[in-house]
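This is the structure I want to talk about, given as structure tokens.
A, B and C label the chains in the order they appear, each numbered from 1.
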């Protein structure tokens, strides 16, 4: 039997994990929905955030929140640059929309290689971590949790809600959603698709970058650190349905609960097999995901 | 078969050719019960179909396109199959395109090629989903001629179309379909009379 | 006309085979072990990329878990040798069969999926296999690495060179023979429009599963070679990054040509390994090449060849 104490700490661990999965998976789902790009380089955007944060926090000795802010802005700028230099020309050149999805997937595979190894050239393979952003721990139901974790989850929740409000309430956010639903229609009503695509990719990079920066004390920065968040983001997004942004937090919670409890029950290392098995079953029996989404037709090409 | 947009004509075709399985009811081809059979088996049993939006193997040549159905369903020798492909290209007047990749064909040529693939199955019944939509009037005449000639040669046809003229010109029996149901069935003349009554209702 | 006959003829005038025949003479003139090592590596990756192309270039499914099958073949043969004393010469075929069997199962899993869904399914089953190999340390020793007996007692690279040369030639001829038969035609039909293929009487289940079985079988065979050539195996051979390297070669070679992958490997692997001191640089080049090919020249090397030599698509 699991003791109450252990259960509580497992649940807290799962919630922390879920918050960060939500943050990184939201960006992945967003570029699925709007640009129809299945991004394999998403983990590298997370990695960029971690490097920017470690540089500003330990290198420049700036305060933690400033470091995370820098990561957000840096991620945004780098995301915009990537969109303009790679996806924009690709979009202009691909006459056959049919090939777009798999072609962009392969381009992002190349992009992932490129970013990972560029960082390695610049910063080497050394792990660059920090002990903590904020000292100390909090007492929660008799459980001591580091302030970093609490702030990390706090940031994730705030950013996701802010982003949600942005999509629902602002004109630009509405334009992004309109593009996701019907690109031709969006164009007809005068939305500049080029700008929307650049903005979407930049925002997605920003979200991933914030996730990487907030978690720095738990996961140090190193070139291939993006692999784990890449897997988990993909798990979440496939679980709830490609392009279904609204359901991402639920999916993140399901995956984190499975992984946390499987790691506890079967030893760490095996938890991956459990989430993989779940996703494989989903792909077999409900390829549109648990909550479905309308975009599957496009995705099959 | 005629009927307004969204009546369920294409869905009906997909059900009888095995692309969708029916929730209820059964489909028979001759004495064969074929409901729920996979579409490749139905094709082998002698029902060929075209698609409303022309489909095909874009990166294969016209000849290769034609070889696929014959090689997949027939046990005849390769040279016979190739001879047959030539005959069909002759018949459809696309012989000069034999080595062209089908992606490079015009819309009308693609329709002919699709019909050619169906013919390579040696089907007893041919289902055409909107064969005249978006086809140049001149080619439409050619298509009529092909269909009539094949009909004389003993093939049965089920033609789905919006084009009343073509339907009434070609058909022995006309079915009016709406909201997933058969409304009227009969010889063209009878249906044409009732058609006038239905016009207002169908709004087509 | 005679489309099928004509292609058959081209099996023997195929650029890939010509290059392999030329390579057979290399060890007679060059005894530099480093050069031989490079060429062995190139033929190994070239063969893997050909098998990858056999799936992506024909039935149009990206087997993103491909490297797992390579690893499974290697582990099977190595474990048989270590635990049961089975000769590597037999073990590699058992590894091939087991890998093909798993590929057969994954073929079923991906059956109803297309595009990114099929790729993700293959990716995740590959990761699952890797996860088992990594964590089942009692059997595989996990990341510590499994020592595997060598094919030959000698340190000379020459014998290994001929083993992989034979495997590459066998794979090239077998894959081309299938690709140019009516089976290959059905593969391409299914890859280009599955519904139209079904309406033409082609059974996609059978052909898709067959395709996966053959492709992963070859991956398993090459895995066996790798195990008894390197002498040590770690789960990292099954990583996604290995699949990516193989995939990059297949795309640069030109999808649907089979031989283009081999040529791409014979050009890229030696050049990039030469830059080995800068491992990152090698991968950066892979990344750039992959992006560049996808944006600017999706036809790859084989399309370039066809254009230069004016060979028609069905002949090249």
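Simple rule for what comes next: contacts are C-beta pairs under 8 Å (C-beta built on N, C-alpha and C of every residue); 3 or more make two chains touch, one makes a residue touch a chain.
These figures come from a predicted structure and were not determined experimentally.
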{"item": "Chain nearest the global centroid, as defined over all protein CA atoms shown", "value": "C"}
{"item": "Chain separated most widely from chain A, comparing mean CA positions", "value": "B"}
{"item": "Euclidean distance of C-alpha centroids - chain A vs chain C, Å", "value": "32"}
{"item": "Distance from the mean Cα position of chain B to that of chain A, given in whole angstrom", "value": "48"}
{"item": "Chain centre separation (chain B, chain C; CA means) in Å", "value": "41"}
{"item": "Shared interface positions of chain A, touching two or more other chains", "value": "none"}
{"item": "Chain B residues touching chain C - in the complex, by the definition given at the top", "value": "17-19, 38-40, 43-44, 48-49, 51, 55-61, 63-64, 67-69, 71-73, 78, 82, 85-86, 98-99, 101, 114, 117, 120-121"}
{"item": "Residue numbers on chain C that touch chain B, as the complex places them", "value": "1-4, 182, 185-186, 188-189, 192-193, 195-204, 256, 312-314"}
{"item": "Interfacial residue positions of chain A with respect to chain C in the complex", "value": "38, 86, 89-90, 93, 99, 101-103, 105-107, 109-118, 120-121, 227, 231, 234, 238, 242, 267, 269-270, 272-273, 276-277, 279-280, 283-284, 287, 299-301"}
{"item": "Touch list for chain C against partner chain A, complex", "value": "62, 109, 112-117, 119-121, 124-125, 127-128, 131-132, 134-135, 240-241, 244, 247-248, 251, 279-281, 283-284, 286-291, 294-296, 298"}
